[in-house]
Structures are given as structure tokens and as C-alpha cells.
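Labels for the chains are A, B and C, by order of writing; each one numbers its residues from 1.
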Amino acid sequence: MSERETAEPVELAINGVSCVRDGRTLFTQLEYNCPRGTVLQVLGFNGAGKTTLLNALAGLLPCSEGEILWRGHPIRRSRAFTAEVFYLGHQVPVKPSLTVWENLHWLARLRGQAVAAEQGLQALAQVDLDAYHGALCRNLSAGQKRRVALAQLYLSGERLWILDEPFTAIDKEGVARLQDLLQQHAERGGIAVITSHQALELPGLKNLNLSDYQPLDAYDYA
Amino acid sequence: MTMPDARPPVAGAWRAVLARDLKLSWRQRSDLVNPLLFYLITITLLPLGVDPSRQLLGSIAPGMLWIMALLATLLSLDSLFRCDYEDGTLVQFQLSSEPLFLTVLGKITAYWLTTGLPLALVSPLLAVMLALPPSGYLALVLSLLLGTAIMALIGALGAALTVCLRAGGLILTLVVMPLYLPVLIIGANAVSSAVAGFGYGRELALLGAGLALALMVMPAAVAGALRVSANQ
Amino acid sequence: MAWQWFHRLGSPRWFYEKTGRWLVWFAPITIALLVIGFTWGLAFAPVDAKQGNSYRIIFIHMPAAVLSLAGYYLMAIAGGIGLIWKMKLPFMVMKSAAVIGVAFTALTLITGSLWGYPTWGTFWEWDARNIFMLILLFLYLSIVLLGQVYPEQEAADKVCAILALVGTVNVPIIYKSVDWWYSLHQPASIKFTGSSSIHPSMLYPLLLCIVAYYCFYTLSLILYTRQEILAREARTKWVAALVEPGTENRVKG
């Protein structure tokens, strides 16, 4: 396994990235390379900049220094890159007044994918929501709503998954299933970058601890 | 790797967002009535606060009908991007394979169809209440149709700039009001010159030109603003 | 290579050090011009035949109006440069120009209404130029306020620049529409603009005052931008070096 990994080309490269928010340097000189088939868990205390890093990786926020490369090209404003990213933040983009099916269809539509009925039902079955496909999302629990959004992962052909706290409000069985999915994604050669407070049981899981990239002189003369 | 073969047409993003927003507002029908109620109530209050003589009302009616319509569109403006911001849909818009300005234009179109269009259509009823001479009805509807569309485009910029602010309402008004001014002047003048018996073709032409300009400038500006404010 | 030069122009530190040297002679010249212009206009220019001495406020009012409008474009251009070339300094200039713009439009409105009282008999007349200045004040205020309520400086700069740029498209439209509105509603009122000629003995001090105001505007823009640079770059080493004992007096400049 490890031999294969070292031979794989680097797809996502973080080169000397620093991010500053509210005048505070969150992390600096961050270096990390993700070859194909990496599942990377970003660690760090609350406020260490995990979400900021994920937003920067998705190309949503500019970095103060350094750059992020996808297959050797900078990711900012790159159509080719956004077509390969699936991003799910800690908010759940699910509309309460649409049904489960409508939400699934709409989110796939936004990603540029037309979902056939059977395919969609299969994805919903993977997150245990196939029986609810006609239910309005306002009647669902928080965990179920999140699973409506997570069902996209079963449809997704994107290479890079960026998931901010995907396990929030998900039950034990759901967590196990999501871990399986992440592993399958890695075996297909995809990359996943996630944050989570849970200890994950994935073979070959990589860790990136943001505490290691804290600036040394951040508070010297504040 | 599912993408390239099933790529939707260019205006697809516009139509998809438009259809979704219309469906959403239809399922929350009660919100649709708000601007209309506001328009009706303020117009009802006006004679009570001023003077019910038909002569006075008729002379201030063109301006008042326009100002109240303008305020009614402002009322719902704050929520234009708010829901999509709070549940993370705006982020999905940005990462969508479709250009953001088309998505934005779809949202603005839906907003206009659910606020500007109904306001313009009910305005003759309120014009009757304010004793506007009948020769001004058509000018009122036409100028409001064009004017509310321009205001929706301008207002979308204000909504986009303030979407991440907790108390964005006040600053939204300050941002948007000066930009609304030419629309108000030209629109109200279309009605009063129609009442006075002059033509109002010139004013409508000006509003149409304004709409064309706003259509060119605003979607891109709104998209740019959202790329900054939606990721706060 | 040419671009390197351009980007050095965008460096706050370069600006701070360069202007620090300019201020030594620029500030005295500005003050001298203002004193000469005001004394000439207020004390030595002849009395107006129709308005008496009250017209003299033109020497304070009119240059302020000119700069309020010019300042808006300066602000928008600075914002545009910042957006396109992703530089910090133009954004600081933009913010300074917005704050100073508020001051200049407010000065224009106040002096205008003081002038209006003896001339029209009222402090506020719905005159096209009055309304336009008021709207311009709102435009400036919206940019200043938007910049202040934003949690993140970089985002604040970008949204203010977008708003300023959209404003530049709108300013001429607002100007024209207010003018048009005024011509519809006040067909028979006094017009100061147009053919009314101004005697050279009044024109020369007025021109001098305009030049002095331009210098004053530039001076305040430089001073405010320098202050903004220090506030935003407070964590950098070169500002820290400035703050070290013995150099405090330079920081205030």
C-alpha cells in the first residue's frame, strides 16, 4: 500500500500557505502534498483555522501567502478545478420546503449532473432515506437533513471531496458507512480532506495538525 | 468523471434557479403577500395622515404610488440571498459548473416576478384609491414594470454586499437608496406627465435604457460581491 | 520589470517613507496657499453688486464642491486598481478618500446652506446641486459604513471597491436626473450657472482657492492614508521598528 502511494503523482499541493483572518495569522508556511488516494483528516483546536483551510482548498477564500495547486495549476477561479470538487460545509444546503427527492435532484443539478430516478433512489437508500423521498425536509431531523446532502457523495464523480465536520448529528451506523465510502473513494484514486472531532478508523488515514503551523511571532507586539 | 457529455445548456442555470425559487416561494405563499400588504396599508394610511381631498391626493398620487412601491420592494430585499447564505447554498452556487452571474440573474428574476410584477399589477387599484386621474394608469403600470426590474437588479447588489452582516437592513437601505434615485425621478415623472396629458414615451425609453444598462452591469457586480461576502 | 516598479508603488511601506519626506515641504506650501487664497478672497476681493459680502463664502464652498465630486472618482479608481492588481495600498487610499469625501461633502452642504440663507432666504432649498451633494454624501457614507461593519478587512476593501465602481456608473446618471427633475419643477428660478460672468478680480482668488483646496485634499489624503497604513500594518516589523522609543513623534505624523 505505502509503495503504491509514494509512486502516485501529487494531485493536490499546498505550497507555503498562510491564512490571516481578522488580522490574526491562523497558520503559516503550511506545506502538504496529497497524492491520489489520500484521505486527509485536518486536526487542530477550535479556532485553529480548520474551516478556513477547507474553504481555501475549495478555492472559496484567497490565501494570504503561498498557493494551492491542483494537478500543477493554481485553483483560484479555475473552472477545471471547481468541476472536480465536491464541497460540503458545516451548514447543510437543504431547503426545508422542498422534498428529499427535490433537494437531491437540485443539488445534483447544481453540480451539473442529471440524476435518473433509479440512481437517485439508490443514493437515498445508502443513507437510509429512500422511504422518505417524498417527505418535506422541514419534517426531518438534523441528522437526516445532513444525510440528504451526504447522499450527493454516492452520486458524485468529483475527484476531490472537501467535507467540514461530515459526521455531525450522524448516528453510529451512518458514521461507519461514511467511513467505508471514504475508503472506497480513496481506492478509486480520489482525494478526501475532512475535519472531524471523531477518531476515524481508516487504513492509511493521513493527519494534518494545524497546531504545527502556528505562527511563532503572532502575538509579539499585539 | 460523470460530467462532460451531459452538460446542460448555457441558460440552464438561469432557468433551474428561477424554477427552484418560484417553487420555494409558492410553497411559502404567505410571504408573497407581504409587499402587497405593505403597499396597500401605506397607501391607506396616506390620506388619513394628510388630507382626503381628491384634488390634493390626485396631485401627489404619482409620486406617492412610486415611493410606496419602492419601499415595498425594499421590505423583502434583505431576504433575497439570506436563506441561501445561511444554509450554505451560496457556496454550492460558487462551486457549481455554471457561471455565477447566470445563477444570480435567475434569483433576481424570481425576486422580480414575486415582488415587482405583483406590485405593478395591483398599482391601478391603489391609484383609484388615491384619485389618480385614469389617464395615468397605464403609465403607472408600465413605468413600475420597468422600474421595479431595475430596482431588483440594483437591490440585489445591496443584498449581496450585506448578506453576511447581522444587522444588514439599515446599511442595505443606505447603500441602495441613492442608486434608486434616478429610477424614482424618471418613473414618477412618467406618471405625472401622462396625467398632465403629455406623452410618457421618453420616460419609458429612459427606463428601458436603464434596465439594459443594469442588466449588463449588475449580474457581474452581484456575483463579484457574493464571492467576497458569502465566504465570511 | 515595469510591473515590478508598479507593484513597489503599491507597497504601503514605500508610500509611508516617501510621503514622510514629501510632507516636510508639501504641508507648509498647502497652508500658505490656503491662507493667501482665503485672505485674498475674504478680505481683498471686491464686494458683489447683487449679493454684497455674503457671496464671499464661494471661496470656501465652491472648491469643496469640486473636490467632493473629483474625490469620488479618485476613490473609485483607487478601489478598481486594488481589485484588479490585488494591492493593499490602493484600498487604504480608497478608504481615506471615502472618509475625507464625507467631510468635504458635509462642508459643501453646510457652507451652501449658510450661503443660501441670505440669498434665497432659507437654509435648505430643493435646488439640483443641493440634492446632488446630499446624495453624494449618502454615497460616501454608505461606503464608509459598509467598510466599518465588515468583520474582515480584506473583504471590506473588496466590497467597498465594488460599490464605489457601481457608484461611478450611477453618479452621472444621478446628476443628470436630478438636474432634469429640477428643470421640470423650478422653471423660473435664479440660475447661477451658465452665462453669468465673473469678474477677474473675483476669479483669480477663486482659482487660487481651488488650487489650495486640491493641495489640502491631497495633504489630508496622504495624512489619513499614512495613519491607515500604520493601523493595518501594525504587526509588521517595519512599523514595530517605527514605534520603538525615540521615534514616537514620527508615528503620529
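In this text, a residue touches a chain if its C-beta (ideal position, glycine included) is under 8 Å from a C-beta of that chain, and two chains touch if they have at least 3 such contacts.
None of these values were measured; they are calculated from a predicted model.
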| item | value |
| --- | --- |
| Arrangement of touching chains [line / ring / star / complete / other] | complete |
| Farthest-lying chain, centroid of Cα atoms versus that of chain B | A |
| Higher-contact pair (C-beta pairs counted), A-C versus A-B | A-B |
| Chain at the geometric heart of the assembly (C-alpha centres) | B |
| Centre-of-Cα separation between chain C and chain B, whole angstrom | 33 |
| Whole-Å separation of chain centres (CA-atom averages), chain A against chain C | 47 |
| Chain centre separation (chain A, chain B; CA means) in Å | 36 |
| Junction residues of chain B, two or more chains touched | 231 |
| Chain C residues counted as touching two or more neighbouring chains | 151-152 |
| Chain C contact footprint on chain B (complex, rising order) | 157, 161-162, 164-165, 167, 171, 174-175, 177-179, 181-182, 185-186, 189, 210, 213, 217-218, 221, 224-225, 228-229, 231-232 |
| For the chain C and chain A complex, residues of the former touching the latter | 151-154, 234-235, 240, 243 |
| Chain B partner contacts - residues on chain C that touch it in the complex | 135, 138-139, 141-142, 145-146, 149-152, 155, 158-159, 162-163, 165-167, 169-170, 173-174, 176-178, 180-181, 184 |
| Parts of chain A lying in touch with chain B, wherever the complex brings them together | 55, 58-61, 79, 82-83, 85, 87-95, 97-98, 102, 106-107, 109-114, 155, 157 |
| Chain B residues touching chain A - in the complex, by the definition given at the top | 1-3, 6-8, 16, 20, 23-24, 27-28, 83, 86-89, 91-98, 231 |
